[in-house]
Amino acid sequence: MRLPRQPGRGWVVGVITIATALLLWYALTSLTGIINSYRFPSPPEFLAALRQIAVDGYAGGTLLRQTLQSLKIVIEGFLIASLVGVPLGFLMGWSPRVEALLNPVFLLIRPIPPLAWIPLAIVWLGLGDGAKIMVIWFAAFVPSVINTFTGVRQINPVLIEAARVHGATDWRVAKEVIAPGALPMIFTGLRLSLQASWTTLVAAELVGAFLGLGRVLSIAYRDIYPAMIAVAMVTIAIAGALMTQLLARIERMVIRWR
Amino acid sequence: MALTQDPRPTTRWAATPSSGELVCLSLGGAVIFFGSWQLIAMSGLVSQYVLPSPLTVLAQIYQLEAEPFAGFLLHQHLLSSLERFLLGFLLAAVLGIPLGLIMGRYRMLDEIVTPLFEAYRYVAPLAWVPFAALWFGTGIGGPVMVIFTGAFAPCVINAYRGAQFVERYLIEAAQTLGASNLRIMREVLLPGALPSIVAGLRVSAGLGWQSLIGAELIVVSSGLGYVMVQGQSNLAPDIVMSAMLVIGVIGLCIDVALREAERWLSRRWGRA
Amino acid sequence: MGTCVSRIRFDNVSKLFQRGNGTIAVLEDVSFEVEDQEFVTIVGPSGCGKTTLMRMVAGLETPTLGSVLVGDRPVRGPGPDRAVVFQQFALFPWKTVGENIAFGLKSKRVLRRKQVELVAHYLKLMKLEGTEDSYPHQLSGGMQQRVAIARSYAIEPEVLLMDEPFGALDAQTRTIMQEELIRITAANPRTVLFITHSVEEAVYLADRIVVLSRHPGQVREIIDVNATRERDGWSARAIEEVMETPSFTHLRAHVWKLLREQMGAANG
């Protein structure tokens, strides 16, 4: 969270902390049995479950298959939401009229937590992919619109006036002044969208799905298989982290003037 | 928060419309939206069992309060949900804020806790549901734990950032006036970080409320989320949508309350 | 005991920093004493380490070499015996004026009733009556700095450390505050270490002036002002008058000459 002043030390402390935590985990579970393995898996049990799902599969597929399934849906939902949300937010930022027109709808949608769309999505679209994508769409849509909107609105009016004075048309102003200026906030919105998408997908799959990491969680719960629950959670965390990092990479490549 | 509450003047690229015009447009937008919805539902183009009309949804709210559904009246479900939310949220605040403050002040602790914190942060709150259910069964502990995991991170992060932003000379002034470390934490860091903390509480409340609903979709037998799930299994979208409406309204109220707290704070202490 | 309690002594104090692959000496081998209840100003170009010297007495920084002693005891961290008045005022924005002033009193476990008395006393002394329940942001810069001084005075410290306390004020307020400070320290004498950029301020306020050079920070000269002040009766006259007198002008010119030498050297 904070850049260490001496570049070495934060790293070292971090490694030590993680190592200590792992040791503690091992000690409390396998070694002494203080924590009942029914409540929390020990390292060997964790590894066994990992091996099982990676090689033989569990709840309908191998770890890879389940992860890819989840990722596929997240990316689909996220992309659709962004492709609609960012231009919409842009338009609303550009024109107060459009904003006024669409405001009521937003006021209605915004307070509803994305997860709350799950039951409705299931009623409308069943337990398949479609329902998940719909829920993710709602999760990702709102942050991208709002952040794009804010990104457009916070642009220094002087820059726009300067462009107009030089004879730029609306199109040019939008493309060459507003779009680049709003880009950082747009990416913030995308980052929030992606995180929301991922957490929402996990929840949606947990409630009802045929395949995916959330389904693994749900079946492992049903089977009372804590080690598998842990495997699923760790995979979810890692996948989420990787996606966020990837987005950050892309952001750095696109916004080169920062 | 409505988008038009943005206080900055609109930029002058599109001809600035009058506020009267904007109000009309907003009203118009609302009318178009709800009007079309009502018409489509009434026309029979789509089955009643798929898209209930707005009026049906509102009527259903009344109905849920008049007759028990899934075991309780609407207000009992609501209280159930609120109870869990408040417990989880308060727990997150009471544990998270001091942790964030201490991490902000003492770098050593920051370095120790951060890797664990980051690892926890990437786990979606709802992924904790199976363990919560395993550990707490069907009691209140399960949902409270899930809410806690959702609400905890923003509390810590915002307290941490707030503590870091407290000007160093304020801490030094307190030290030269003989204050103990505990006193500095309570009377300098906490108030200094308060604007950031309250902003964090807003985010935290939002995430906590959402985690609550998620948990209630799975591991409970009362509450607004439970109402939705029951409505779903009965294929009754009108019930689902009524519950969604109530959930949205409550969530909005919580957010507005916290936003007012933020405003009051900055007015009283004169800080941005 | 008695008179030695608030004497400050710098013993071969050096402050060194690692920068890149070299060492920078912010202060090098600084030694001098501030007598009990003496008002000493430290003046010098930016970066000469004057603030660092003060912070060492306050216990907010430690010397790399040498030692800093207050009352013949080495400084070990901040404490209410050495009060600090910061340039940025450092008033707690979330506490009222009264609560700010009482802050240090709480550390000293002064009884509530006595606290109220003391706060009222210092409000009166600093001409801040009526502001007790206001918040700092409602006051002007000058008034805020008065509150800061009141807060430091309220704990009755042995030593008063002031780090360019009037730097953030406009010229007129600044002049008034300088007169106020003379008045207060005359009524309640303390050992004062006063850091400033302003030559005039340094000359007007001081019993003695310590002029520092920089790169590295060292004592260039220590000038005695007290004799001149007593002889010409500065305290009986307005600042503008004092600053016209030949003796004041002479002192000021002398200090300026010392500073200019270094500016020339720095540019060379």
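Letters A, B and C mark the chains as written, and numbering starts fresh at 1 in each.
What we mean here is this: contacts are C-beta pairs under 8 Å (C-beta built on N, C-alpha and C of every residue); 3 or more make two chains touch, one makes a residue touch a chain.
Since the structure is predicted, the reported quantities are computational estimates derived from the model, not experimental observations.
The most distant chain from chain C, with centres taken as the mean of CA atoms, is A.
Comparing chain C-alpha centroids with the centroid of the full set of protein C-alpha atoms picks out B as the closest. A straight line joining the Cα centres of chain A and chain B is 18 Å long. Chain C has its Cα centroid 50 Å from the Cα centroid of chain B. Distance between chain A and chain C, defined via averaged C-alpha coordinates, is recorded as 54 Å.
Of all the residues in chain B, the ones that touch chain A in their complex are 1-4, 6, 8, 10-14, 16-17, 21-23, 25-30, 33, 50, 107-108, 110-119, 122-131, 133-135, 157, 160, 164, 206, 209-210, 213-214, 217-218, 225, 228-229, 231-232, 235, 237, 240-241, 243-244, 247-249, 251-252, 255. Only residues 1-2, 4, 9-10, 13-15, 17-18, 21, 38-40, 92, 94-97, 99-108, 110-120, 122-124, 146, 149-150, 153-155, 157, 160-161, 164, 170, 173, 198-199, 202-203, 206-207, 214, 217-218, 220-221, 224, 226, 229, 232-233, 236-238, 240-241, 244 of chain A touch chain B when the two sit together in their complex. Of all residues in chain B, those touching chain C in their complex are 167, 169-170, 172-180, 183, 187-188, 191-192, 194, 268-271. Residue ranges on chain C touching chain B, taken from their complex, read 58-60, 77-80, 82-84, 86, 88, 90, 92-95, 103-104, 106-108, 135-138, 151, 155.
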